[in-house]
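Shared between the two complexes below is subunit A, which has subunit B as its partner in the first and subunit C in the second.
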Partner chain A sequence: MTTPAEAPLEAPTIPYVDPVRRARARARGRRDGLIASVSTVVVFAILAYLITSSPGWPKVQETFFNVDEAISAWPSLIKAFVLNIKIFLVAEFFILILSLLIALGRGLRAPVALPVRILSTVYVDFFRGVPTILVILLLGFGVPALQLKGVTNSPVVWGTVALILSYTAYVAEVYRAGIESIHPSQRAAARSLGLSSVQTTRYVVLPQAVRRVVPPLLNDFIALQKETALVSLLGPIEVLRSAQIDASANFNYTAYVVAALLFVAITLPLTRFTDWLQRRDTRRRMAGAM
Partner chain B sequence: MTFLVVNDVHKGFGHLPVLKGINLEVDLHEVVVLIGASGSGKSTLLRCINGLEAVDAGEVRIGDLEVTAPDVDLDAVRQRVGIVFQQFNLFPHMSVIDNVTLAPRKVQGQSRSRAQDAARELLARFGLADKADDYPDRLSGGQQQRVAIVRALAMKPEVMLFDEVTSALDPLLVGEVLDVIRELKQEGMTIVMATHEMGFAQEVADRVCFLDGGTVLEEAPPALLFGSPQHATTRSFLARVARI
Partner chain C sequence: MRRSFLLSAAIPAVAAMALAGCASEADTTASSASPSPSTSQDCSPETMQTLTPGTLTIGTDTPAYPPYFEDDDPTNGKGFESAVAYAVADQLGFSNDQVTWVTVPFNKSYAPGDKDFDFDINQISITAKRQKAVDFSDGYYTVNQAVVALKDSPIADATTLTELRESKLGAQVGTTSLDFITNDIQPTQEPLVYNDTNDAKSALEAGQIDGIVVDLPTAYYVTAVEFDNAKIVGQFPAQDGDEQFGLLMAKGSPLVTCVNQALTALKDSGELQSIQDEWLVGKDAPYFTE
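Then we have the complex of A and B:
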């Protein structure tokens, strides 16, 4: 077969731009940059002045932004925060696996799998409807009350289990939406090649679905990172509880502010990463080569 | 020798009957082209032949295999029947070589290296050697469709079905895809294709079937069917197509 003439898709040449226009565009860019910097500095300076010169400021600063207080509370806060991170990491691991199983369970169409489908559906309906805080209280206080032999009473364990149960329901729905968003023609193409239904899901549908749901998945994990604070209700000294102890001992709320900043510090990278992924996704769809 | 038989097949979707007792026989090494208006049942017929759609009545046979038998292993049927779709349907998350080797590896259990060698050879034959490691969205429509054909050929099918494979293509890219089908015909592949490319139908078909309202209204060698169509419906269809 002769090699067909193709429109070159990867043009290696650099597009030609008129030097005068290029210079003009650069000048405009510099001017815009300057205006943006000046405007930002001025606005923030005014805001800072207004806040710090207001009559209540010294009292606010003393209560919420007390540097000595922050320094003295820091060691116990950071130590407690490690517990939040542990809870988060363990929960995330189980959520990722369980929710995928539930999502796949809901998609089963074989008659023999009907009970699995029913169970998965009921599970998701139930845990999406119940407030996370209620599940935490129910398990954290309820299970120890049963006084079961060989079952731990650890509030950290049961708090984490509650978070897993609650978030698995949300994340399963995210996965399911992703799986259902893959066009049926992909499945038809795979089946036409002789792939079984399971192989089609494994090699064709899931890889595409997971890629598609990464941004919403990360959103749920950002929420989960914050909700680890709810485990404090059961008593363990995680960062919120630690801040609370500090605040009530000194009648100063700086420890809360520090705890808040800690949460922001760990969610921020994930938030930015999610934004970036979503932007990249949009760009790809705009390029719309499919 | 008759290789593929479609015998009195009915297929409807909900309350809409699409195939109404259609009959078709295809010999080994024969190229049969299906023409007809949109909705006349061409695509549905092709999808019934490889078992993508279950028939409501009638039977389909390929060689000694009854596709419509209740206990048939459809995965086995589909290994013998290659199909290429209008919209290419390449797997966008896989490189070209992975698209082509997925089924040979996972269905036929070939080793990665063996499947890749065979795939590279096929890709090279159809002018796609340098595209093996690209992802589908980096390819033109014509290249994507050729990859889709190669992907089907990698399973060494006994018959190839083409479902309007050039309809989604830029007119400039149609030729390269038709070249591939020409080559397959020369190699003696048994082919059933639905198309709107009347010129191409005339050139490659051993027989042309005109579908209307879910049955084959008229079938004849291309010179006859295009030269002196017997039915008024066929004549008016051909006249309408000629005006485009």
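Then we have the complex of A and C:
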């Protein structure tokens, strides 16, 4: 037995496995892999055959999956998609900050902070209940119609503001769930060590809470990416509107399919990233239990 | 477990493939038997292959706007297109109560698959690209595009297309009005695109755009009935002097010949012109020069 100081840290975490069992496990793994591939290929082949051999398929292919249409629609779609990305990035930045403030406001327990709590609660209740589409129309057409001096009437700006208002309410609730999931003993322990209430929130509660809610946060942002299309109600040509223009000029829906692929193309990395974060988090939290 | 799952999945799949095979065979025989268009055809409610025998099913979108329809009710025979639809039906021998109306959103009118109308009347302009997906009747109205602006707008007194080039214009999505902006006016700023003319009017009132482009009959209606402070800046023939509204029918519809015969008879008898004079008034808006 070596002394603890000399023991390599990794050594005890590699469990001893009987070589025979290991070989068996490997064989089973190969067989499972084979069955999985065969079943996947068969199922997809049958699906593909069923769809492409159906009587209406040539017409559907012509209307939804037309390569020439896709190529001719591509330049205007990609140009319009830049607007979606811009709206998304700006909105996400403000949402992250504002919703955290709202969530903290709702969590205030000091008697003097009651008005803040009431306001935050009313805000969340209201904007979660009202359809985003109404907020967009109200701000996008309503505010400019007031003809206030010095206030922009840009539909893109007001559409983005509406998205921020609406999504801040959702994201604030995600944050709040995270904050409330932190066990009160954490706060009590931090206070007993002499940290102030603000310091406790900042250094003990929030870091744990935010880590916990990263997957649902990303989920909301993926939804937000798609909701940017609602801004088109106010006139700006974003990718779905661009697809609609193309579709109605040519009586062909292919442009919608291309627009959908563009959305998938940017949400996929984000989805995979969320999965990875979740796995890493689980691994870390389980590390002590192993 | 797994094997039985594959087996149970395979049985319905095979059955479905057999069904699909039958269906596609049935389809080929049906399409080869479809009548080829002839110059003269016996057109009566008894012989015409309408959706429901003895009934003419006509589609239009909702809300149905003046001056094409009145009171959002296509069945009252009021408004230009309602009157044209009933005149065509009458010409084909259908009495008023043999006509049924269905709501057909514009985006759905060109979807592949079976149509739920015999013809769709919804201010749809005939273009070569659209004819790849559907069949159109001959035109029943030659339409010009018009620019509507508030009387204090910077473009209120424009007389040439060049003067419109610096302006911010709006139009309804899916209309040739939008094509007119991008192809003929070619403004330096991207046009704003709306779901319907009502949203475009909101944006016009809110000062987000300098003018909207609509078809001339709509322009007359907007300026005469809806807006006191707006005017028609000018009109312009959108597609080389000849853009026509046509009745939309399914690709290969057996009714095209009969509908065209009816339209020709209505034109020859002057009835179409008198319907137009009754519902679409005013043609004295100035023409734009290049």
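In this section, the second predicted complex is superposed on the first by the 264 of 290 C-alpha atoms of A that agree within 3 Å, B and C clash if a C-alpha of one lies under 4 Å from a C-alpha of the other, contacts with A are read in each partner's own complex, and residues count from 1 in each chain.
The rule is simple: a residue touches a chain if its C-beta (ideal position, glycine included) is under 8 Å from a C-beta of that chain, and two chains touch if they have at least 3 such contacts.
Predicted model only: the values in this text are computed from it and were never measured.
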Partner chain in contact with A:60 - subunit B first, subunit C second, else both or neither: second
Chain touching more of subunit A, residue-wise (subunit B, subunit C): C
Touched partner set for A:211, first subunit B, second subunit C, both or neither: first
First, second, both or neither for A:43, with subunit B first and subunit C second: second
Contacts of A:188 with subunit B and subunit C, given as first, second, both or neither: first
First (subunit B), second (subunit C), both or neither touched by A:133: neither
Which superposed partner A:203 touches (first subunit B, second subunit C, both, neither): first
Overlap of the subunit B and subunit C footprints on subunit A, listed as residue numbers: none
Residue ranges of subunit B touching subunit A (in the complex, touch as defined): 50, 52, 74-76, 78-79, 81-83, 85, 87, 89-93, 102-103, 106-108, 125-127, 136-140, 142-143, 148, 151-152, 155, 172-173, 175-176, 179-180, 183
Of all residues in subunit A, those that touch subunit C in their complex: 35, 39, 42-43, 46, 49-50, 53-56, 59-60, 62-64, 141, 144-145, 147, 153-155, 232-237, 241, 244-245, 247-253
Subunit A-touching residues of subunit C, taken from the complex the two chains share: 2, 6, 9-10, 13, 16-17, 20-21, 23-24, 26-27, 106-107, 110-113, 127, 129-130, 132-134, 170, 173-174, 178-179, 190-195, 199, 202-203, 205-209
Complex interface listing, subunit A residues touching subunit B: 1-4, 6-7, 9-10, 185-186, 188-196, 199, 203-204, 207-208, 211, 287, 289-290
